[in-house]
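Please go over the structures that come below.
Presented sequentially are two complexes of chain A, the first with chain B as partner and the second with chain C.
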Partner chain A sequence: MKIKRRPLMIMIVMLCIATTLSAMTAEQIMREADERQTYDSSRSSGQFKIKDRFGTKVSTFDAWSKGADESLIEFTSVAERGQKVLRTEDSIYLYYPDAEELIRMQGSALRQGMLGSDISYEDMTGGKDRLSQYDIVLEEDSELVFGRDCHVLTLTAKTRSVPYPKEIVWIDKENFIVMRAEYYTKSGRLLKEMETLSVGTLSGIEVATETRISDKMKTDTETIMILDELEVNIRIDDDLFSLDELSW
Partner chain B sequence: MKFLITFAFKNLTRYKRRTLITAGAIAVGIMMYIFIDAMLMGAEYESVRNLKWYETASARILNDEYWENRQQLPLDLSISDPDKIIDRLDENGIIATKRISIGGDLILSSQEFGEDGNLPVTVTAIDPSTDNEVFHYADTLIEGRFLEQDEDAALIGSWFAEDIGAKIGSWVTVLARGNGGFYEAIDLEIVGILNCPNPNVNRTLLMIPFDTADYYLAMDGAATEINIKLSDLADVDAELPAIQELLNGDDLTVMSWTAMARDYLALAEAKRGGTGMILFLIFIIAAVGISNTMLMAIFERVRELGMMRSLGMSDAKIRIAFMLEAAGIGLLGSIMGVILGIVADFFIINVGIDFSFIMRDMDIGYRIQGIFRGAWNPGTIVIAFFAGILISTLVAYLPTNRALKMDIPSCLRHQ
Partner chain C sequence: MNKRLLHTALRNISRNKRRTILSATAIAVAAMSIVMLFALITGMTNDMAYNLKNYYTGNIQIQHEDYAEFERFNPIHLMVDWEDVKPALEDIEGISAVVARTQFPVSLYIDETNHGAIGVGVDFADEAAYHDVENIVYEGRLPEDGKNEIIMGGTLAHDLKLEIGDRVTMLSTTASRGTNAITMEIVGIASFPVTNMNSAVFWIPLDRAQYFLRMDTGVQSVLIKTDEDVKEKRLIPIIEEALLKETGTTFAVDSWKDINMMFSLLKLAQNVYYFVGIFFFLLGSTVIINTTMMVIFERMREIGTLSALGMHGKELVRLFFLEGVVIATIGSFIGVTFGVVITEILGRVGIDFTDAMSGMDFEISSILYPEVNIPLSIFVFFYSVLIASLASMIPSKKAAKIEPVEALRYI
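Now for the complex of A and B:
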C-alpha cells in the first residue's frame, strides 16, 4: 500500500513546488523586468520614426549606456547630425554642434519631446528602479498582448517625485519584456502609451526591437523607436559620459 | 536801452507777417516738444502703474531660493504657511494676498476649438477673496464672472481668448507638474474674460482659484508668492526692511517691484535715452526753422542796417537791437507754443491716441494695451518756454554778426 502511494505523493509535492515557483509576486516580476532592461554597459544604434499630422520624420542614432543611470545618445541623421543627449545620474544635457552650446534641461523643459517626438527628456531620466518608487500590484496573471501571454501590473507611486503617479504595465511572462505600458496623471488621465511592436534577438539577447510611444494629450502623433544593433557588456570609457566629452 | 527795446518792438509790429510766421514756426516746435514729452511720460507712468497693478504688486514675498530659479516656476520652493505670514502682515496694517505660479501646457481639444493643439502657459492661482485688494483684475472683467473659491474654473485674458478661440463656457485642460514633480491634468471651464490693460498679461493670462491648484497639485496649503500692496506714495524700498523683519526665521525674502521689474526698468531707461534724443532732434528742427527765418529776416534788412550804421549807431547797439527783436519773436512763439502745447496735452491726457493696431501683435516694452495717454509735466513746459526765447535770441547773433562785418557801402548796395 505504501509503495502505491509514494508516486502520487511525489507528484503532489512536485506540483506544489512548480506552482509555487511559477507564481511570482508582483515585485519579483518587476525586478526581473527592470534587471533585463539594464546592462552593465551597452552600445546600440537605431532610429526614431516620428509621425505627426505633417508626415513622418526619421532620425537615426547611436547610443551608449553604463548601468541604469548613465547614457549618451548621438544623432547621426543629416538634419540632426552631432546633436547629443547626455543623461547622468540626476541631470540631462543637450549639445547642439552648430551653436556649440551645452544646455542643461530643467523643469518644464524636461517634458518637451526629444526631437519633437512623443518621448520626452523626462522619460529618459526616469529611473529603472521602479520597485523603490512604486507600490506594485499584480492585477491579472494572464492577458494576451499581441499574442503574448503577459502579467498585468499596476504601479502606484509611493512618492510625489515620479512623473507618472500611476502606470499599468503588461510584462511578457516568458522573456519579461514590457509589451505594453500606460502612464497616467495623478487624477487618472491617460498621458502616454507604449507598445512593443516586435521582439527580436540582438547579440543573443531577446529585446524589444520596435516600440511605439504615443502622447495621449496630442492627436495624430506617435513615435516608433527601432533598435537595429545592440552590444552589451562591452568596454566603455567613463569619460564618454562627461560634459567635457559631450562638447568635444 | 529803453530806446533799443522800443526800436525792437516797433520792428516787430512793422513786419507783422514775418513776425507771425517766424513765431509760428517756433510755436509748432515748442508744441511738439511739450506734446511728445507728455505722451512719453504718460506711457511710462501708465506702464509702471500697469506693472504694479497686474504683474508685480508693490512688493512680493518669496522663498529665499525662488527668485534665482523663477524661470522653472518651482512649486517646491514655496512659502509653506502663507496664511500665517498674511496674518502677521495684516496685524501691521499691510494688505497682502497669496498666489501660486504654475508652468504647464494648455491642451485644446478639437471639439471645443475646432483643432487639437497645445501651448505652454503660466497659470496663476489666486485667492479670489483677497486678490482684488492687491491687484485690479476685477475691474477688467468684460465678460462672464470672477472666480470663486475651489471651483474647476479659469479666467482668461481677452487677447489670449481671441488667439485660441476661447469663449465663456469653453473647457480647456492644463497639464502641469504637481509639487514634487508628478503630472496632473486639470480640466477648467472658462468663466470670465478679462481685458487687462497690461498687454503682456492680456496675451497670456490664465487664472484659477488657489484652492483648486492647492488640491490638484498637492501644495498642502503652500503658496509660491505673497503679494503686497503699499500706498502709491510709499517709498517701497524704505518699507522693505520693516517687512523683512516680520519674515525673519522663515527663509523668506521680500522684493520690491523695482527689483522684480529690473528688466523693464532697464528698458525704460534705454527708452528714456532714445526719447531724449527724439526730443533733442525736435528741438534741433525747431531751432533750424527759427534760425532760418531769423536769417532771412536779417538779410532782407541789410540795407536798413547799413543806413543805421551810416547814421552813427554803434555795432553793439545794432546787434542788441536785432537780438531783442529775435527775443521778441521767441517770446511770442513760446507763448503760442506753450498754449498750443497745453491744448495738445489736454487731448493726449484726456483722450489719448489709440495704437492698439500696433500693440496687439507687437511688444514694444511699454505695459500699455493700446491707448497712449499723456501726463502733465510742468517742468518741460517751463523749459520749452525759456528755451524758445533763448534759442531765438542766440540764432539771431550769427547773421547779425555777419551783416555787421560788411562795410557800410556794401550794406547799402545789398540786394
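Now for the complex of A and C:
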C-alpha cells in the first residue's frame, strides 16, 4: 500500500517544487515590468485626447527617448505646433517657439498638467527603475483586470524624490504590462488613476497602445494617450536631448 | 422789543470777542469737517464707479453667454468674435465708445521662477477714444499694435525688479486649452489709477494677445461706454437685438450694475462710507451742542444780573437764542465756506493714499479727488445753525427759571 502511494507523493512534491520555482517575487515582477518599458532608444508618435468640462481636444506628438532618463516630446497639432518638452536626467525644460528662453519646470510648477492634460510634468520625472525607489510588496498573485490575469503590487516610496509616496499596480502576468495603477498620497488619498484600455503590437513589441489617466484632484477630466507608432533601438543623435538643440 | 434784544445780543457777542471766536470756531471746524468728509465720500464713490466702468466692465459689457458661469476656470475659449460684434454696435445711438479687451492670468518666468500676474490685451487706438489712456503712462510709452511690447503696472515692475527695455517671458493657458509662452519687451511703466492694478496688471496689444492665446479674432469682453443721458437698461435690449441680427448668436449683455459683485460692492462701500460719515456728523453736532451749552452755563453771573435788573425769563431765552443764532450763522458760514474752498483745491490736486492703500484689493484709486456736494453743503450750513441755536435754548431755559439770588451764587 505504501509502495503504491509513493509515486503520487513524489508527483505532489515535484509539483510544489516547480510551483515555488516558477512563482516570481515582487522585485522580479517589477524588474521585468521596468525592463520591458525601457528601451535603449525609441521613437514614437501618438496623440493625447484631453477631456475636461468643456469637451475633448486632441493633441498629437512625436517623441524620442534614450534609456530611462532622457526623452523629448514635440507637439505636432496646430494649436501647439513646435512646442517641446525635454526631460534630462535631472530636469524638465519646455520650449515654446515664441519664447526667447527655455522654461525649466521646478517646484509646484511640476504639478501642472502637460498641455492641460491629466499627465503632470512630475509624472515624467520619476525614473523607470522603481526597484531602487520603492519598497515593493506582492499583495495578490492573481486578480483579473479587463479580463487579464494580473499581479497586484504595492509600492511604498523609499525616497521623497518620487512623484507619489504610494502606488498600487496591476501587472499583466503574461506580458508584464501595467494594466492598472493607482497613485496615492502618504496619508492614503487617491491622487491619480491609470488604466490600460488597449494592448497592441507595434514593431513586434507588445505595448499599451491606449491608456487612460485620470487626475482625481480635478472634476470631470481624463486624458487618453494613444500610441500610433513605435520604433525601438534605433540610432538617435545624442544632441537631440541637449538644451542647445531644443531651441532650434 | 426784538430789535432791542438783537441789539443787546450783538453787543454781547462783540463785547466778549474771545468767547465768541472760540464758540464760532468750534462750530466752523465741525461744519467744515462734515462738508469735507462728505466731499471725500462723494469723491470715493464716484471714483469707484468711474474705475469700474473704465477699467473693469464698461457701462455695458458683452461676453460669451457662458463665460460668467465658468469664470473661475479661466475659460478663455468662451470668447466673443470681435470682427462680428464690432459692426453690429457701430450704428446704435447712445453708445459713445466701444473697446475690446482680453484679460488672462499668466506666470511671468524670471530667473527660473514663476510670478503670477494678469495680462490684458487692449487695442490702444480704441482705448484712446474710450478714456485717457495716455494718462496711465508713467514712464516710457504705450505698446504698438503688432509688436511684442508691454506696459506694466509700476508696483509690479518694481516688485519684479523690471524696467523699460527688459524682456520678459510669460506663460498662459490658451483658447485651445493648451499652454503657450511668449517673450515681450517692456516699453512702458504704467500708473494705473487703481492700486491693485498697479501691483498685478500689464497691458499688451490686443492683436498680440489674440495670437499668444490662440484666439484668432476673438476677445474675452467688449466694453461699451454710453452717452451721459442714456440709461443702460434701455440700451441693452437694443444691443442684444442688433447682435442677434448681425451674428445670429446670443451673448451675455449686462449693465455694470448687474455684473457679479461689482455694483453691490460699490453700494456696500457707499453704505459703509455714509455710516462713517453720519458718525462724524453726530460727533460734529455734539461739539456744537457742547460749546454752545458751556458758553451759556459759564454766563450764570450775567444771567443773575440781568434777572436782577428786571429782564423776564422769556426775554432771557430769546436773548441767548439770538446770540446762539448769530454765532452759529457766522461759524457755519465760515466753516462751510472753508470746507468748500479746501475741497475744491483738494479736488484739483488730489489726496495721495498710495502708501496707505498698497496691498488693498479694492477698485479705488490711490489718489482721491474729493467732490464738493453743493446741496449737501447748504444742508450742513442750515443744520449747524439749527443745532447750535437749539442747543443754546436748553441752558437758556434753565437759566431763565433760576432766581436772581440763586444765579448770583454762581459768582
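Just so we're on the same page, the second predicted complex is superposed on the first by the 228 of 248 C-alpha atoms of A that agree within 3 Å, B and C clash if a C-alpha of one lies under 4 Å from a C-alpha of the other, contacts with A are read in each partner's own complex, and residues count from 1 in each chain.
Everything below uses one rule, namely that contacts are C-beta pairs under 8 Å (C-beta built on N, C-alpha and C of every residue); 3 or more make two chains touch, one makes a residue touch a chain.
All figures in this text were calculated on a predicted structure; none of them were measured in a lab.
Applying the stated contact rule after C-alpha superposition, one finds that A:Gly46 touches neither chain B nor chain C. Legend: residue contacts after superposition of the two complexes on their common chain; A:Pro165 is shown touching chain B, with no touch to chain C. Contacts of A:Met217 after superposition on the shared chain: chain B is touched, whereas chain C is not.
When the two complexes are overlaid on their common chain A, residue A:Ser59 makes contact with chain C while staying clear of chain B. In the superposed model, A:Glu80 lies in contact with chain C only, and not with chain B.
By the touch criterion defined above, A:Lys186 reaches chain B but does not reach chain C. In the superposition on chain A, A:Glu100 contacts chain C only, with no contact to chain B. Residues 106 of chain A contact both chain B in one complex and chain C in the other. The part of chain A that touches chain C in the complex is made up of residues 50, 52-54, 57, 59, 79-80, 83, 94, 96, 98-101, 103-104, 106, 109, 115-116.
Across the complex, chain A meets chain B through its residues 106-108, 111, 157, 159-165, 185-187, 189, 191, 217-220.
Taken in their complex, chain B has these residues touching chain A: 71-74, 103-105, 107, 110, 116, 118, 120, 173, 175, 177-186, 216, 218. Only residues 70, 73, 75, 77, 107, 109, 112, 114, 148, 167, 169, 171, 173-174, 176-183, 212, 214 of chain C touch chain A when the two sit together in their complex.
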